[in-house]
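What follows is a set of structures for review.
In the two assemblies presented below, subunit A is common to both, partnered first by subunit B and then by subunit C.
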Partner chain A sequence: MALQSLDIVARSATTLPPPQIRHTEEVAKLIDISKCIGCKACQAACMEWNDLRDEVGINFGSYQNPADLTPASWTLMRFYEVEPDGELEWLIRKDGCMHCAEPGCLEACPSPGAIIKYSNGIVDFVEENCIGCGYCVTGCPFNIPRISKKDNKAYKCTLCSDRVAVGLEPACVKACPTQALVFGTKQAMLEHAAERVAELKERGFKNAGVYDPPGVGGTHVIYVLQHADKPELYELPKDPKISPLVRLWKGITKPLALAAFGLSIVIGFLHYVSVGPNEVKEEKKDTDSNPPA
Partner chain B sequence: MSREEDTIVRYTASERINHWIVAIAFFAAGLSGLALFHPSLFFLANLFGGGPWTRIIHPWAGVVMVIAFFLMARWMWADNYLTAEDWQWLKQIWDVVGNKEERLPPAGRYNAGQKMLFWTLVASLVLLLVSGAMIWYGYFALYFPLWARQLAAAVHAFAAFVLVLAIIVHIYASIWVKGSIRAMVRGKVTPAWARQHHPEWYREIMEGKA
Partner chain C sequence: MTNNWIDIKNADVILVMGGNSAEAHPVGFKWVIEAKARNKAKLIVVDPRFNRTAAVADLYVPLRSGTDIAFLGGVINYLLTHDAIHHEYVKAYTNASFIVKEGFSFSEGLFSGYDSDKREYDRSTWEYELGPDGYVLTDETLQHPRCVFQLLKKHFSRYTPDVVCNITGTPKEKFLKACEIIASTAPPNRAMTSMYALGWTNHSVGTQNIRCMAIIQLLLGNIGVSGGGLNALRGHSNIQGLTDLGLLSNGMPGYLTLPAADEQTLDQYLAKRTLKPLRPNQLSYWSNYPKFFVSLMKAVYGPAATKENDWCYRWLPKLDRVDHEYDILRVQDLMAQGKMNGYICQGFNPLQASPNKAKTLAGLSKLKYLVVIDPLATETSAFFENHGEYNPVNPAEIQTEVFRLPSICFAEDEGSLVNSSRWLQWHYRGQDPPGEARTDIQIIAALFLKIRELYQKEGGTFPDPILNLHWPYLVPSEPTPAEIARELNGYALADIKDPQDPNKILVKAGKQLDGFAQLRDDGTTACGCWIYCGCWTEKGNQMARRDTYDPANRGLVPGWAWSWPANRRIQYNRASCDPEGKPWDPKRKVIWWDEKKGMWTGIDVPDYVPTMPPSKGMGPFIMLPEGVGRLFSRGYVKDGPFPEHYEPFESPIGTNPLHPKVVTNPVARLFSEDHKELGDSSKFPYVGTTYRLTELFHYWSKHCLINATLQPQQFVEISERLAKEKGISNGDEVIVTSARGRIRAVAVVTKRLKPLVVNGKVIEHVGIPIHWGFKGLTHKGFPANVLTPCVGDAVTQTPETKAFLVNIERA
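Showing the complex of A and B:
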């Protein structure tokens, strides 16, 4: 969904620098879980702004609806009933793309320009360039991208890159009635989050904290969690990072492999022009040696 | 022509056709896979009609290659068991690459190098099939947990690397050892060829065993 192309700092499967003459301030969306009332206005606003209508699913015994992120549901309120300190707590987390500073999807994608990262930190999929291989799904530490069965393209939250590009906040933020969602520069959001954490601690949430995981270089969607010591309560990975397996798969091994191919061909060529072919030496007529008829 | 007649059948027509189906499927799977392997080779996607077609064709070409290969491998399996002389042959690899064949222990239908290639192909194709299915998002990938898919992606790329390297060696060997390509295209070799490259096999034919 790329609108402008002057401030792209990373582009999938591209070995040269992308156009990046313009630099914008890093932005972030802050999701304060302690303020969320689970009204799903953000989910509705996301459908509305992006003009998406997911299929109507079935109730599986939770307010969570649909059951999972889908190609047409880019954000989803997830509901958790947990008892971390022996008392029931109803935790509600808005799930969606985290817009990592080091995106595993972008690292894994084999198609040039199917995934881009803007200088403001937004990671965007460019469906025209997507080939539908699913490598982004394999690369993502947060299990976010979804491949559509209809068109085999990958979809996820764009952080409303189209709105942000023209100075608006994302649609979900605009719709949130409790200001559980706030949007601004990453710096301002971190400051705001720190204030909220201090307030929560005062109110007795001694483990309150910010979720801005350093393993992926920080994210451009950050959470304030009541139980930052136990992100698993919210089904968030404790220390997300691009898996070492993905690094092995996409890293230095690839150019080394290509070099090995090239070298083997060069060695073959040199062998042929130095040692030469292996020809039959006794090329004489020898009828006796024919096999029995 | 002072050349001996091609009189010894090395490959029947069905074996030859099978081999070339494997070879074509290898190029289709290999070139489409390499397009996704590294950005510098993405241009290969143009051979298949662009990125999405490359992604669609690749796994099917791979499946064709695996099936065709194992049909062919069935015939060759027993001829590729390693023997004690094969280890000696491998120790004398410098005589092999130096065209000093007469110093080597006599090879049977396949020499030790060909046998090593054969088992490398068997192993890499099994790995490619299993790991490929696990990262085939159109069908099977989402039955596997994320870590398994990540492992499969790495294994698939590694097995493809081994396979491509093995095939580069294989193709070079067929260019290097004159008469081999003819054996796989026309099916026959001269007695002199058989005597020189595969003396044990030649002896068995002469004794009417093979």
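Showing the complex of A and C:
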């Protein structure tokens, strides 16, 4: 199974057709929150593999460190103390890029080739093409990309596209001690997720389920949630969609503008073909200049 | 661990109490998750805090820190009153039927024989009644009023659910739910594993916490079976190796013990330790003590150890009293009294790790010299530096000369580490050490050679043990890990003959031994640590094996590394079979009696005499002279043959509801100076408890940037109720004080700590993670041990750092 093809199937601000000869399986990372112990091995592995070193921050009254995703922290364990059924639960969610099938960031990005999607489903930022406009931040329904103050470029999880390209699992998955993180084809992950959901239901989590939101065409990072009916417990959007602003910009305004732009060219051209150039003829001028008799 | 990490996957119930394995052992914890996912196991967490382990538990049960015995005593009472015990196992494999001497008693919190002046027990009544044949009298019907079973029932009958919950603060329905799940493992086809760590040991009743669980597991028939056991999870990667090699002040390798002052002759010494069977047909494996001891002395003193000079027995230091160990609390006390000149600290950071930091600081300041052998610039090695409120000292007033000897990190040399599973795993050098760092072996060798040279040149009062120390290494200044490992395994000094057939030579002179059965007490074998015998044989380095073959998929992996003793993966595995030698549960077979072959066979190395037929009635606990497990621990545990609930020395309720006259452990260690530094609940109303976090490893990994990023700043945890009462908001700075000192930290206000109602009083905890100091890459912080008291467990002298009193205010 070729997980490792890096054919680009979508490129920001580009309409060139993608390569179509090779077939790649879509990949996915499954995050099983019911198996997560919040050890942050994934965070450490991410920093190690990607050569990221974030600042030593402060404790703001939580086990969550750093406080938020940053240009140097591409993944983060978020800790939620909730009492959905009266009993305390400590839900620990690994946050990071969801690698949407229909990526809002890519749609929003105006810079050609700054955001790309591979045929295996990974959405990657190509920082040398990034112009730091921040449209991807607006475009993302999960609040993931972060713009660096150092170089004014956007950063986020790459799903270790470099590792996946050579047949390895992402660094976070490799480091996870409890198999709360697993990686494989999206199909295999969905099957594994279904088994996990069945087991959780047996244990009394009636509303256990998979988080693979259709509003963004599904994602290549999917969750097993104990309370899939209440994704807000995990600070996950219930029905994520690409922001209407992006839709407006990409869906209506941009095509309209492009259409208007195109139309003006077409009209000009048609005018040119049908009417011809607006040539000034001396004799006609002369004729024209003659007042009607 | 009696079992091993992988075996946890075979459990039906996992009880994590006295530990927080998801937090402190996240990698091994995968087997808990595996048991849940594949074995439908239930995970119970009993802890003052809803911790990371609780985050994935099926049942979380709160209790007040320091009341584990009350809780577990309640479980014992529940099992006995609900008849939820494994009857056949209890009858055949425990001392339930043994009759105890007349004169043994327990009343008002004291066992018979207490001497209040000495604060110790005369333990002579805590023994069995012997018959005229010298064997213990028993009553197989378990009805005799002085049989262990009846005494056990009587002792724990006081631990009713109401009494228990009044002490522990546990909601009664949660306590009963836990009892019900634990009791579900009494049938032979179900097993519970107990996973614990410092949450049980760091108490003035630490040993008895664990004894309590041993009793429960014996009653349930969970010892020796796959998926069961009493599993101590070790906190350092090689702390099991440290214990095995006897690096405690009263120990010697392989759990042999140093002599006491009243054991001036070898005969006296051996007589006390060479235990004869207490019941017919029992093995009592410690009857081989002389073989282990003489072989050790041959390894230590080589040719100088002879039969004529009692194998150099006279050269061994004799402890001036049996319980006069030079443990950390005593060393700290002697240092603070100015009675110590020098201190060598190897891989140890006492300024951070010992209780009552002020006392440690005073002690270090009185030394003439301090040597620190460590890969890092530890706080101890910089104790004389002023770091403001974090280390408020005046360097000008400290005259201690400090030597820092940079050592390597484990990955910078080859060698073996022993994990909690008792596996000796060989590893190789990952990279060269930086700068001037030397291996610990090189440092110790250099010290030894220099000291020996001084003795050679200048003589001295007692040069013999130094001058005659056996030092057979190829390069004396650099013994290799392989040379030392081979010495620990042991070798034959003469041809070792088969005792059954003198013409048969088992091992030729000069060859490595195959196992401890080949050890001799006549000076023909040398062995540095008898339990390690078999780790490096003539077949090579067994610790370096990496075969993942796993027969029957039970997680025993016999070809992976080497597990002491004898590569056995589950200790006491004879108890996994019924008295006839058939596995209690055919689904979890480990070993069994093969009638045709006339021997024990299976997928693990039998913990038994391989050819001993079941009909002979030899018990499965072959190390003990009884041959069976001890529900009643005789005189071996100093504070009682049965566990009893005593309050922590700093008790938030100031009384013991079970016996108000005896509030705390009457034989726990407390020096007079430390007694003055105990606080009470009028000034310090909250229970302080210390613990570790996943992101940081003790006081080491704060020196690594990534770890520092993940847990950057010191914090303490309090409940929402306490925060409201004290006007503290989440993220505020707070001051936590105890009778010993104060720390400043960020407050994490959490739902995971809840107030508990104890003896009619609302009790709050303040959770205090331990990791920060004035060195490293995190923000500077205070060791939690600024606050903790110097109180030691009666048996191990482990300090009581899990339950003490504090106050908290907004900074």
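As a working rule, the second predicted complex is superposed on the first by the 243 of 293 C-alpha atoms of A that agree within 3 Å, B and C clash if a C-alpha of one lies under 4 Å from a C-alpha of the other, contacts with A are read in each partner's own complex, and residues count from 1 in each chain.
What we mean here is this: contacts are C-beta pairs under 8 Å (C-beta built on N, C-alpha and C of every residue); 3 or more make two chains touch, one makes a residue touch a chain.
Because the structure is predicted, anything quoted here is derived from the model rather than measured.
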item	value
Which of subunit B and subunit C A:21 touches, first, second, both or neither	neither
Partner chain(s) touched by A:179 [first = subunit B, second = subunit C, both, neither]	second
Which of subunit B and subunit C A:273 touches, first, second, both or neither	neither
First (subunit B), second (subunit C), both or neither touched by A:166	neither
Subunit B/subunit C common contact set on subunit A	none
Subunit C contact footprint on subunit A (complex, rising order)	34-41, 43-44, 47-48, 53-63, 65-66, 73, 81, 83, 88-92, 177-180, 196, 199, 202-203
For the subunit C and subunit A complex, residues of the former touching the latter	22-23, 26-27, 29-30, 33, 37, 40, 50, 52-56, 58, 60, 694-695, 705-715, 729-732, 746-752, 777-779
Residue numbers on subunit B that touch subunit A, as the complex places them	2-5, 7-8, 35-42, 45, 50-52, 54-55, 97-99, 101, 135, 137-138, 141, 146-147, 149-151, 153-154, 157-158, 161, 164-165, 168-169, 172, 175-179, 190-193, 195-197, 205-206, 208
Residue ranges of subunit A in contact with subunit B within the complex	13-15, 108, 110-112, 129, 131-135, 137-138, 143, 147, 152, 243, 245-246, 248-249, 253-255, 257-258, 260-261, 264-265, 268, 271-272, 275-286, 289-292
